[in-house]
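What follows is a structure written as structure tokens; I'll ask about it next.
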Amino acid sequence: MKMRSLILMALVLLMATLPIPARAGQKNIVYATSADVTTWDPSASYSTELTYMVNIYETLIRVNPPGSKEPFSYILTTGMQASDDGLIYTFDLRKGVKFHDGTAFNAEAVKLSIERTKKIGKGAAFIWSDLEKIEIINPYKIRFIMSKPVPLPQIAASAYASYIISPSVIDKEPAWFDEGHECGTGPYMLKNYRAGESWMLTRFKDYWGGWEKDQIDNILVKISNDSLVKLKMLLSGQAAIVNAVPSDSYKAVRDGKKTKVVYGPSYVNYIVFFNTARPPLDNVKVRRALAYAFPYKDIIKVAFDGKATHSRGIVPKGQFGHDERVFQYTFDPQKAKALLKEAGYGGKPLKLVMTYVAGNQAETRMAPLMKDQLKKIGVELELKPLSWPAQWELGKRAEKDGQDLFLLMWWPTYSDPYETLVSLLGTEKKTLWNFAYYSNPEYDRLIRKAYETVGTDRQAALEMYIKAQNIIQKDAPAVAIADAKTAIPALRRLEGIVVNPAYPGGLFFYQMRLR
Amino acid sequence: MLPFLIRRLAGLVFLLLILTMLVFGLSRALPGDVAAMYVGLKAKPEQIQKARLELGLDKPVHVQYLRYMGRLLKGDLGISLRTHRPVARDLKEKLPLSLEIVLLALLISIALGLPMGVVAAFKRDTWIDSAVNMIGSAAVSLPIFFLALLLQLVFFNWLGWFPLQGRISTMMEFRDPLPAVTRFGLIDALLAGDLEYMADMAWHMFLPVVSLASIPLGLVARLSRSSLLEVMQADYIMAARASGVGETVLFFRYGLRNALSPVLSIMGLSMALMLLNTFYVEQIFNYPGIGYWALASIFSLDYPVLVAITLVLGAIYVLSNTIIDVLRRWVDPRIK
Amino acid sequence: MTMKDELKYKHLAEQAAREHRRERKIRTIAFLKRKSAAAALLVLVLITLAAVFAPLVAPYPDQGKGAVNLGERLQPLSGKHLLGTDTFGRDILSRLVYGARVSIFGGLFIVCAAALIGVPLGLWAGYSEGAPGVVISRIGEILISFPAVLIAIAITTVIGAGLTSAVIALIIPWWPWYARIIQGEVLRLKRMLFVEAAQMLGYGKSYILFRHLLPNIMRTVMVMMLLDFGPAIISIGLLGFLGLGTQPPNADWGLMVWEGAPNLMQQPWIAISPGAAMFILVMAFNIFGDNLQDYLDG
Amino acid sequence: MSVKQKEKPILEVKDLVAEFTTAAGRLRILDGIDFSLFPAEILALVGETGCGKSVTAKSIMNLLAEQVCKRRGKVMMDGVNLLDLSKKQMRSYLGRRISMIFQNPIASINPVFTLGEQIRRLVRIHMAGEITRVKSELGCTTAAAIDRLAAANLEKVGLTDVDQLMRAYAHQISGGMAQRYRIATAVLGNPDVLIADEATSALDVTVQAHILRLLKRLSAEKNTAIIFITHDLGIAAQLCQQVAVMYSGRIVEVAPTAELFKNPLHPYTRGLLKAVPQLSRKTGLEHIPGTIPDLRNPPSGCRFHPRCRQAMERCRRLRPPLVETKSHQVCCHLYDAGNKEAAWAKS
């Protein structure tokens, strides 16, 4: 081994002689993350690439973080009027906006983009299903005509499927985009794309918003699935911002002299589905018993480093539809035991299987805690961590032979509870997301009605949503465990990190400043 | 020699054929709706159906297989379900990165292991000998993932001599990438005359290479020692000695060359082993080669990628063994 | 042969036998005199005992089996927890002891199974040259060139992750090595013995073959199995590390390293103790195996 | 020719003892070997396998690792005791003054180098003088000179088609050729003593004959003394002037060939002769009852006594001295003073 250390020394000396210069004057940061890209096609994009999409492309309007005065802020528009029946929306488009290739932004671009998305029909294109047609009134005035009074603003501001693409590339195949090409109006442009490895977001000089000092020139994105590596990168200052560090390390980062953790609301929540299609979980009492047996507080402490809220219904905290009037299950072993006894499972221990995603830090941490507590009420929970596709596949064909409990991490596509409520527990002919295999016509009717009311009478809609959620809490086909908070570890020098739960994982680098 | 090579090549083709059948069959037999994965999270049924047609998954398996082989011959390995990029293109980018560190590791393990073994044998039953023995055993006993983590802990956290992760410093990545000529980073950097870049890459490769080299190094050191000791007992050595040939010549020329062939034959195995170990090393050092890629694809059941990787690994395994057999014939004329 | 001759041969045979026994006794003593061998053996025995009597040895058996203990999360090394506790407050030492079961018995199973499958096939392939030989070695080649991780994935997606699937996944590419070696051995011995047989007339070839073959083979296999133990244990660890082996909350050294890795900076002991344990065990096996090999080669 | 030569011996072995330290304990393989070898003499060293013939040769050549084999006694070559020499010093003797060939010729040629490569190296080591001579004579390069000499040496031992042979490898040539080649390499330094250890046992009869003739010629031409180790009395008879019979680490009888066959004195020699011609390891035991003694605890006194039909009480106690009869040297109590008559009576 002497030899090795010699070589090592030699190399170190070599390094010393070769200083690695930083680009003077430029504000460059590294973002280390596991958020990889599944497609660069803004019409089809429906996954983690959102982080970058919101910097490259823009939507007509953007949902503001909870607690803002205004629900929306205008991006590619300057104004919006809705008809009373909530079927027609008119937008005034922003003038003087350029796409990255210099093409001018105008009504045609909007029409073509939305229609392209609808035509391709990938990703979240379904959000446009109630759009009848788009009319260009003049180059800077455009009108959306809907078949039903659905909440168009939320849709137009959706994190997916509502980006405006330059007419110059509107006919390109998805493959062309996936090579790493783009043409949006956003403040940053994509450069040096190495799939699954790294790429760069670099400043778009003629961004309509203009540039001030301390804004970031280049963001180097480095894909890293290893939270330990990301922690080390952050602590050593190699990375200015990362998407996660090991659960037990947040405190250290939070209290670090150079590092901080920016917390913000998030619509991500963790939900356990009970297999209502077969015993013993076809018995509502057993389902409730389990709901009472989960150690919510411990889970939040161990799996979320204390930074999450005990769920109240499957609509996450902060999202429209979440309400204190929704019933909340709490940790109560006695009640759980009692319910089990009522259900006739007093004596012999129950054997149940729970699947979850092996790679998900939070889930791998909450699972053992659940197992431990269920044991105390006489339920033997077998843990079955799987890769996501395997878990999903099992769930889809699982009514009879698959899991009993399905632990799911979920986030809504756009900021209205309908999607969550219908996808997760609405009646499905062929299972896709409803891993409780639950079907309740009354519930289905209720949420649909709410969805169609929200555009005109928000309050009435809210009441309906609450009613619907309480139906769920009563039948307990699924119980939400925790509503996560977004936690973004970063260097203290990096300011202006804003968390917007409507854009899960989205980082608006344009708003950041590097001091 | 030529017929031998032809035979081996035929063997390779045969092997790959079987492998494709196996892996392809598996990828279709195993659970995991390929179409759904292709569409991605939150896919809607109609989208999945669309994708199924798009990918020709509605056809019977053997038809799919034939299509696949047809495309394979054209060098098309399909589309990644996860990144929706052509697998062949990613393979072209990532394989060289891994080969680079694997070959370096192989080089190191020979360059250090052989001398270690030889010296140990020459200084038989001295402290040197037992030291080499110990080091050898230790090297083959270290679980690769544990070694990698330890190296990180020591050389990054404590000593700070070597970088933590990646293949080049982030500072470097803000520059424009090198022209990809050979796609072997070091060579490309050299061709581009960018020594700084090259040094930086070497610096980043060091820890991964060391982790990979550990096991082969141990194997080589131990094997070269034992086989050399055995050879030195042989009649022809004694005969040469009896006719007055000096010890050093006996040992380092007559002995060593005879001892070489078993050492060589361990190399093929080491190659295969190291390629598998890249799965771990690249994960831990965040080094974007096929190992890293493979692992990511494994956990998302990205079948097209997995098939491709299996084929490549199989091919490399056979080829490296062939090369080694050629070398062995060269050092030992007896092998027929 | 005359009566007298027979008696004499009998006498000679006995003498030879006595010689042999004596030889072996002396060599065994010499073998155990080696410090390294003795030390290795000691380590192996201790770890094996710990594994077998885990419930008695482990300070907190239930935690070894996975019961969480949130009161004492991430404790450093202390009198109460000799090797500290992990993120669920579980006593690392207890988990090591239970993890040893996986490593030792898993390894044992793999090696034995590989030998049980590989040796007969190898014998067959070597004895009846031609078709069987070719087929077996071809199959072997394919399986060997097939990454175990992928096999593991395949099995896991079907029967779910777990020690069983990991072990199966490892046996599949493992047995061909035995088949290969044995086949070669048989061929070599055949050549050798037929030459001899040609010299000493009278003996039937197959008789010679088998009288000499089996003992030789058995020795080779024995050494091979012993030397394979280390790699087998490491391989299990590798799969465990990827989450393709033992499933939480059960203990497995590879899995423990994976669980501990994220805390490597604040609580290094969580990942280092299982890694070190694995290293020590494998090292012990290798040293013992080497010595035994020298010993058998005389 | 008689044992008492006028000229002084070229090699003189006195009370050579070799002890092996093995896992099984210390073994006294050689228990005091005495013999002398005269220029151009061919001495046969005969005995059953395991009696220590080869060990004798190898201890003379110092080919055995020190840590394994401890040697005592004298191996005198013109006034120097070879046992006192270090391996380094010994090398100046090996191949030049004393050389050796082995039982299995093919195994004793390095398989991975061409014959040419190996003999050239020996030429370079041993024939520096000739090389310069040849160079000056033919005005050719060193390499060419070496080739020439190598070829010449091979032709001397009756090998034909030399160029091709030099390009060949050990596994490509026959046993006979291999042994000729080995002889060529062994004698190219013109050693005074050549030890041939079972040099012909592995070869078939016709080839054997050739090799024997070759050795005879050599010793005649270059007046090399040869120690010819064999278990085959027949060959010994054909080739050698002098025969030494070994038993369990001792030389029990030395005599001129004819004399020995006519009138063997030692009971063991007699036993051996009875076994001729089909004497060989397996059948040898049948004619002399019992087996080779266990060297871990050799029989007291005369090591042969357990198998000796004429064993007397003193044989168990005393180690017999080397007795000089008029033509023999014999190591047996039958022949020391007082017992001669008895012996003659018996024979």
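For clarity, chains are labelled A, B, C and D in written order, and residue numbers in each chain start from 1.
Keep in mind that, in the parts below, contacts are C-beta pairs under 8 Å (C-beta built on N, C-alpha and C of every residue); 3 or more make two chains touch, one makes a residue touch a chain.
Since the model is a prediction, treat every value here as computed from it, not as a measurement.
Think of each touching pair as a link: the shortest run of links from chain A to chain B has 1 of them.
Remark: among chain pairs B-C and A-C, B-C carries the greater number of C-beta contacts. Centroid distances built from C-alpha atoms place D farthest away from chain B. Computed centre separation for the pair chain B/chain C is 25 angstrom, with centres defined by C-alpha atoms.
A straight line joining the Cα centres of chain A and chain C is 47 Å long.
The centroid of the Cα atoms in chain B and the matching centroid in chain D are 55 Å apart. In chain A, the residues touching two or more other chains are 232, 358, 387, 390. Residue positions of chain B touching 2 or more other chains: 31-32, 152, 157, 298, 301. Residue positions 157, 261, 264-265 of chain C are each in touch with at least two other chains.
Looking at the complex, you find that chain A touches chain C at residues 227-228, 231-232, 235, 246-249, 252, 298, 301-302, 358, 361, 364-365, 367-369, 371-372, 383-387, 390. The touching residues of chain C, when paired with chain B in their complex, are 138, 141-142, 144-150, 153-154, 157-158, 230, 234, 237-238, 241-242, 254, 257-258, 261, 264-265, 268, 271-272, 275-276, 278-279, 282-283, 286-287, 290. Within the complex, the chain B residues that touch chain A are 31-33, 36-37, 39-47, 50, 82-85, 90, 93, 112, 135, 152, 155-157, 161-162, 164-166, 169-174, 176-177, 195-196, 199-200, 202-203, 206, 210, 283-284, 286, 288, 292-293, 296, 298-301. Residues 125, 234-247, 249, 254, 257-258, 331-334 of chain B touch chain D in their complex.
Of all residues in chain D, only 58, 61, 63, 67, 87, 91-92, 94-96, 99-102, 104, 107-113, 118, 121-122, 125-126, 169-171, 182, 185-186, 189 touch chain B in the complex they form.
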